[in-house]
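So that we are looking at the same thing, I have put the structure below in structure tokens.
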Amino acid sequence: MSAVLLYALTGAGLFTLGLYALIIHAHLLRKILAINVMGSGVFLILVALGGRTAGAVPDVVPHAMVITGIVVAVSATALALALVLRVQAATGRAELPEEPLE
Amino acid sequence: MNWDAGLPLLIVATSLFSGLMIFFLSEKHVVARTTLNLGGAVFKLVLVGVMIWGVFHGHHYEARLPLLPGLDLLLRADAESMLFVVLSSGLWLVTTIYAIGYLEGSPHRSRFFGFFSLCVTATVGVALAGNLITFVLFYELLTLSTYPLIVHRETEVARRAGRTYLIYTITGGALLLVGTVWLYSMTGTLEFAHRGFVAGLLDTHRVSLIVVFVLLVAGLGVKAALVPLHGWLPQAMVAPAPVSALLHAVAVVKAGAFGIVRVVDDVYGVEATTKLGVSGPLAALAAVTIIYGSLRALFQDDLKRRLAFSTVSQVSYIVLGIAIIGPIATTGGLVHLVHQGVMKITLFFCAGNLAETLGIHKVSEMNGVGRRMPWTMAAFTIGALGMIGVPPLAGFVTKWYLGVGALDAGQEWVVYILAGSSLLNAGYFLPVLYAVWFKPAPDSWPDERSFGRFETSWALLAPPVVTALLTLAVGLLASAPFSPLQWARFITTLEYMP
Amino acid sequence: MRSAGRRWHYLLFRWALMLLLLAVAVGLGYALLSLPQQAVGLSEQVSANMATSGVQNPVTAVLLNFRGYDTLLEMAVLLVALLGVWSLGSAEVHRKIDPEPVLSLLVGGLAPMMILMAGYLLWAGTNTPGGAFQAGSVLAAAGILLLLSSKRFPVRLMGWPLRVVLLLGLGTFAAVGMTLLFVSGGFLQYPSSLAGAFILFIEAAATLSIGVTLAALFLGGRPQAGPYR
Amino acid sequence: MQQIPWEVMLILLPLAGAMACFLWPRRTLLFGLISALGVGGCVAGLGWRLLEQGAQRYAVGGWGAPLGIDLYADGLSLLMLIITALVGLGVSIYSIGYFERRQAILFWPLWLLLWSALNALFLSADIFNLYVTLELLGLAAVALVALAGGANALTAAMRYLLVNMLASLCYLLGVALLYHNFGSVDIAILAQRVEASPAVWAAMGLMSAGLLLKSALFPLHFWLPPAHASAPAPVSALLSALVVKASFYILLRLWLEIFPQTGAAPGQLLGVLGAAAVLWGGIQALRQTRLKLLIAYSTVAQLGYLFLAFPLGSSFAWKGSLYLLLSHALAKAAMFMAAGNILRFCGHDRIADLDRVAQRLPVTMIAFSVAGVSIVGLPPSGGFIGKWMLLEAALRAGQWWWVIPLILGGLLAAAYIFKVIGYAFTQAGVLRQTNKVPMSMEWAALALALAALLLGLVALWPLSLMEIGLPFGGSEVDAIQRAEQS
Amino acid sequence: MILQWLFDSLLIIALLWLAWRLLGSADLFKAIVLFIAFGLVMALAWVRLDAPDVALAEAAIGAGLTGALLLSALARLNDLADTTHETHTPSGKK
């Protein structure tokens, strides 16, 4: 097994680990952290698999995609954090209620 | 636009247009509303007259609007549709006049007459539908436009009746839709044809055809109030009297019965219906409905409720006539489409007059009312005797043809049903007539209103008198050319011609 | 009893979830291992077209030329995120506590250096690692430090000047794309001789916008000036 | 002669409008309406070109796939663009009266960005580019939900955002797998190269899961009712009519182009989930006591119908599903607008207290009822045509059991729609305190509702547009079947 | 070669361990700090995978900016939690 695949598998691991934490944790900050970890996992897979080229130079298209992805992730995270603050201010808790709405 | 295509569209559009216009009128515009109402009704009747003339002179009226690839919205004037169109547009005019008088001064009239016009639009559409999908379309439109009329009074009872009505009719509509699509997926066409269009599938798709037949009849039977799908009809009598007239005589139950006629005659054809073995059960169902409705009517004290159960029973004469499978019985069934309409509308008008003028709602309150309202009660008497089948009134013609037709088709049991039903009819109408004419009147009526010169307002009085005279005329002149009976015979010849 | 039952449910749910996710992970791993050993990526196309791309750094070429449209939309993503944050509330202008003097001193030295570094990253991005996003984020870091260390935000600049800068990247990108539509007949189709210049131009504008947008996101609310107050 | 690239205009115009609104907040209305009309014109232009020249492919930057990004427009994308423009115009007009200034200056740029994202999404031929548009769309939608303020809207927006992020990541992982298996992210190239392999299966699972989460297919619908019910009315209209459809559109594209040979089982599964959604959503809608929640659950149910085409897989079924999508978009937007009017008028949306609204807001009530006709699927309406096509496709395919959810769903829909209409016909006393509803808000709702009704009468026209570029494969199969049987 | 493998394994183990710790940490502040560390290790991984551009972006945005955002959000969250019972602001239009 090549190192490249090992990294890709690590990405898969991070993805599932993040998914697990996302579902299990109630606190919104933790959920956001979990999603970011998931994202890192996806990016890792995307870039790592680009290294399966014949020459020494990896495929750079996934690199560009990942940079795009990172910027998207930080935008979404910023919005999510601002929302968490407002949810906390409105409900007194930084968690989502069990029952969506009455 | 081509006139032959334009006329059916125009006939449907007249009431649609006046209906939509009326929605936008405020309550105060009585004159404009009345003009639109009556103008629309008269214009429609004139157009129908033109169409009859045209059909008689060999014109082929047909309007097509593509709906889906290979599937058109089709309006077509054929013999059956003319029968129903004449009935509904004629009675609509009468009912409109009656409704104008009946609802004078009550709230939400624009809404009422708007939907009233939509309702007749749908009925005429049902009548002129040249294929099953067009039929379904207008059939559903009829459901939607009658609902606001039933809940018009906005009382809790009215709303409950409306809810019941919707539950029944929407479910029925769904069954009808499934049946229609299923049929289409087998045949690739839905266009009505004499002798039907399923003959080629009899060997290969026998079970499917039977299931589809059951679905279609169940869907239509809801509106035709076949037992056990009749539950909505007696409840709906809370609606204002003109609406009852509409439900029982002009539009709703007729649309159901007419649909069954279409299915048996023009979708399946009598041959296929017989071969599939579904005509017998249908006849039996109709017979059960006839007896059940009459039995229930016997025990109702509320006049409109009694009339409602009477409708349950009487409409099934139409179905019975069709299901017996034979030219004479079919004629009887078809002609009852008109006869029942004329008779039942008379009775409901009279019931409405009693309620409006004297506040009478119950049979037990009707003692001696004949002297207070002689014209109304004379009309009522003609209608009731017609229902019983006293010659030479309309109902007699029907029953005669049904009886002879049944014997002709070798189904003697029908005669017993007819006899039993007539006895029951007499049982629930004759005591009323006796009380009306021969029992002494009470000192005061429940809620009397004075209308000046006549026993009630002219707009309430003229319609039942006219329809009562019609009841007399269609019976007396049954053998004259252009009578409903002759027309029904003409239709039958087309269906049974070798 | 009830809470015990609930706890039992919770544990069951946790275990079921773990098993499910384990299955997901295994499936995913299997899928990854089953991929062909040799990639069929786009390396060849990228290197074949580097000459006409106008830049030497292949990542920059992909980001701003070959797949520049993605990047254009990404600038819009940043704007949307900012609008979303602004729709949630306003940021405080006055700080409750004075910034630490040490921090102020540190920032006084650091910020100019970071801005310089951002400029370098931007410039270098055309042929070595770096580019608008990296430069922009360094710029944002400088901005954040300045925000943290200053006693009061520059309210006067928070109105339309801020909005202009925020839109600069996206606006320039879109405008260049449209101009090229008329010049060379294709949206975002750079003439190869001028591609480098166009890209640098866009990148410069984008860097500024990205930096300011990210810093504004950090602020966590609308600035209390102008119509968005 | 140089052609005007309408595709690019469709994306850039609302984007430019959004920037202008952002830059000159005092002129949002002007820029917003200009953009809306301009987009309408561009859609017409693109439609004209498609009718004349067939499906169009546009290589952004002149590179072309696989290196560059392609825009692709065929009948499917055109119809999505048209419906977006129609609903968009309606929502734009509605919003003039709906928002106060403080909200308007945020609403307009966000809405135009959302519009841009939708157009970009419907035109994209590149699965990574689709990811970017999805993110743009999702973030804009979340921001718009949060615009309503209040604890309900904020928690709903938060949930919605998390769901969006999770779903996008799942989708992106699928993109990664596809790219590394076949070396391209262009849909057409992938369609040529794709062959069944574990990676394709995993990609299909991941991408479908993400997109199903975004399209709120039962049981992944949990986030939808709170988000759609607590957003401002025009935003609810946009979300229910367009945003959930966008992810469905991607799923449809992938399913039609990239994953056709994965066998029948996944399609059957989607069908079962769709049927469950129809029933569950209908029952839940019936149980609601608040109007906007009822409509939101109705969306859950109606989305279920769209998935009934997956197990059938025939071109006729796809078209029926798309037809339902189109008419649902119009009808549901009208319905949410009507609910917004009622909410504005009464100050609440408790269904049981909707006394006399029918008399006081006749236009709104008519709009609601007419939209309801299409939602129930009664003729003549777009909903009826769509259901008819699905019913016919199911019966033709011999899979008659799909008739059951189609019919039961219609009955449930009738029940919850008439539950509302029934309350409007009550005799209760006159409302105490009412607010005026601007005429534009009432008529915008009615216009969209009537458009949904009209879809039932002019079906041939949209159906012929669906043929451009044959997104659903040839229709010859259906024609032959038909010819054989008649 | 062996050094290479060793480095890879260390990196991977560090990544997974950090992810595990940060997602399981009881203390939010600690979790965020671990997340920043995780981002920096990710940057190393990018370098190892010959993706210097991504490494730069990850270090600056993924670890740096996201970390700053998270820390500031946590600080404000704690502020809110402290004052929430006295100045409970009903959300809505401002």
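Order as written gives the chain letters A, B, C, D and E; numbering starts at 1 within each chain.
Everything that follows uses one rule, which is that a residue touches a chain if its C-beta (ideal position, glycine included) is under 8 Å from a C-beta of that chain, and two chains touch if they have at least 3 such contacts.
All figures in this text were calculated on a predicted structure; none of them were measured in a lab.
By the document's definition of touch, chain B and chain D have no common neighbour. The most centrally placed chain, judged by C-alpha centroids, is D. Taking each chain's centre as the mean of its C-alpha atoms, the one that lies farthest from the centre of chain B is E. Between chain C and chain E the centroid-to-centroid distance comes to 17 Å (mean Cα coordinates, whole Å). Between chain B and chain C the centroid-to-centroid distance comes to 71 Å (mean Cα coordinates, whole Å).
Our note on geometry: chain A versus chain D, Cα centroid distance of 27 Å, whole angstroms. Computed from the mean C-alpha positions, the centre of chain A lies at a distance of 67 Å from the centre of chain B.
The set of chain C residues touching two or more other chains comprises 28, 32, 35-36, 39, 41-42, 46, 59, 66-67, 70, 74, 77, 80-81, 84, 88-89, 131, 133, 214, 217-218, 220. Multi-chain contact residues of chain A (touching two or more other chains) are listed as 13, 15, 19-20, 32, 45, 49-52, 57-58, 61-63, 65, 67-68, 70-72, 74-76, 78-79, 81-86, 90. Contacts with at least two other chains are made by no residue of chain B. Here chain C touches chain A in the complex through residues 14, 17-18, 21-22, 24-25, 28-29, 32-33, 35-39, 41-43, 46-47, 58-59, 62-63, 66-67, 70-71, 74, 77-78, 80-81, 84-85, 88-89, 131, 133, 210, 214, 217-218, 220-221, going by the rule given at the top.
Every residue of chain A that touches chain D in the complex is listed here, in rising order: 15, 19, 22, 28, 31-32, 35, 38-39, 42, 45-46, 49-50, 52, 61-62, 65, 68-69, 72, 75-76, 79-80, 83-84, 86-87, 90-91, 96-97, 100-101.
Those residues of chain E that touch chain A in the complex are listed here as 4-5, 8-9, 12, 15-16, 19-20, 22-24, 28, 31-32, 35, 38-39, 42, 45-46, 49-51, 53-54, 57-58, 61-62, 65-66, 69-70, 73-74, 76-77, 80-81, 84-85, 88-91.
Only residues 2, 5, 8, 12, 15-16, 18-19, 22-23, 25-26, 58-63, 66-69, 105-106, 109-110, 113, 116-117, 120, 128-129, 132-133, 135-136, 139-140, 142-143, 146-147, 173, 177, 179-184, 197-199, 201-203, 205 of chain D touch chain C when the two sit together in their complex.
Interface of chain A with chain C (complex): residues 5, 8-9, 12-13, 15-16, 19-20, 23-24, 45, 49-55, 57-65, 67-68, 70-72, 74-76, 78-79, 81-83, 85-86.
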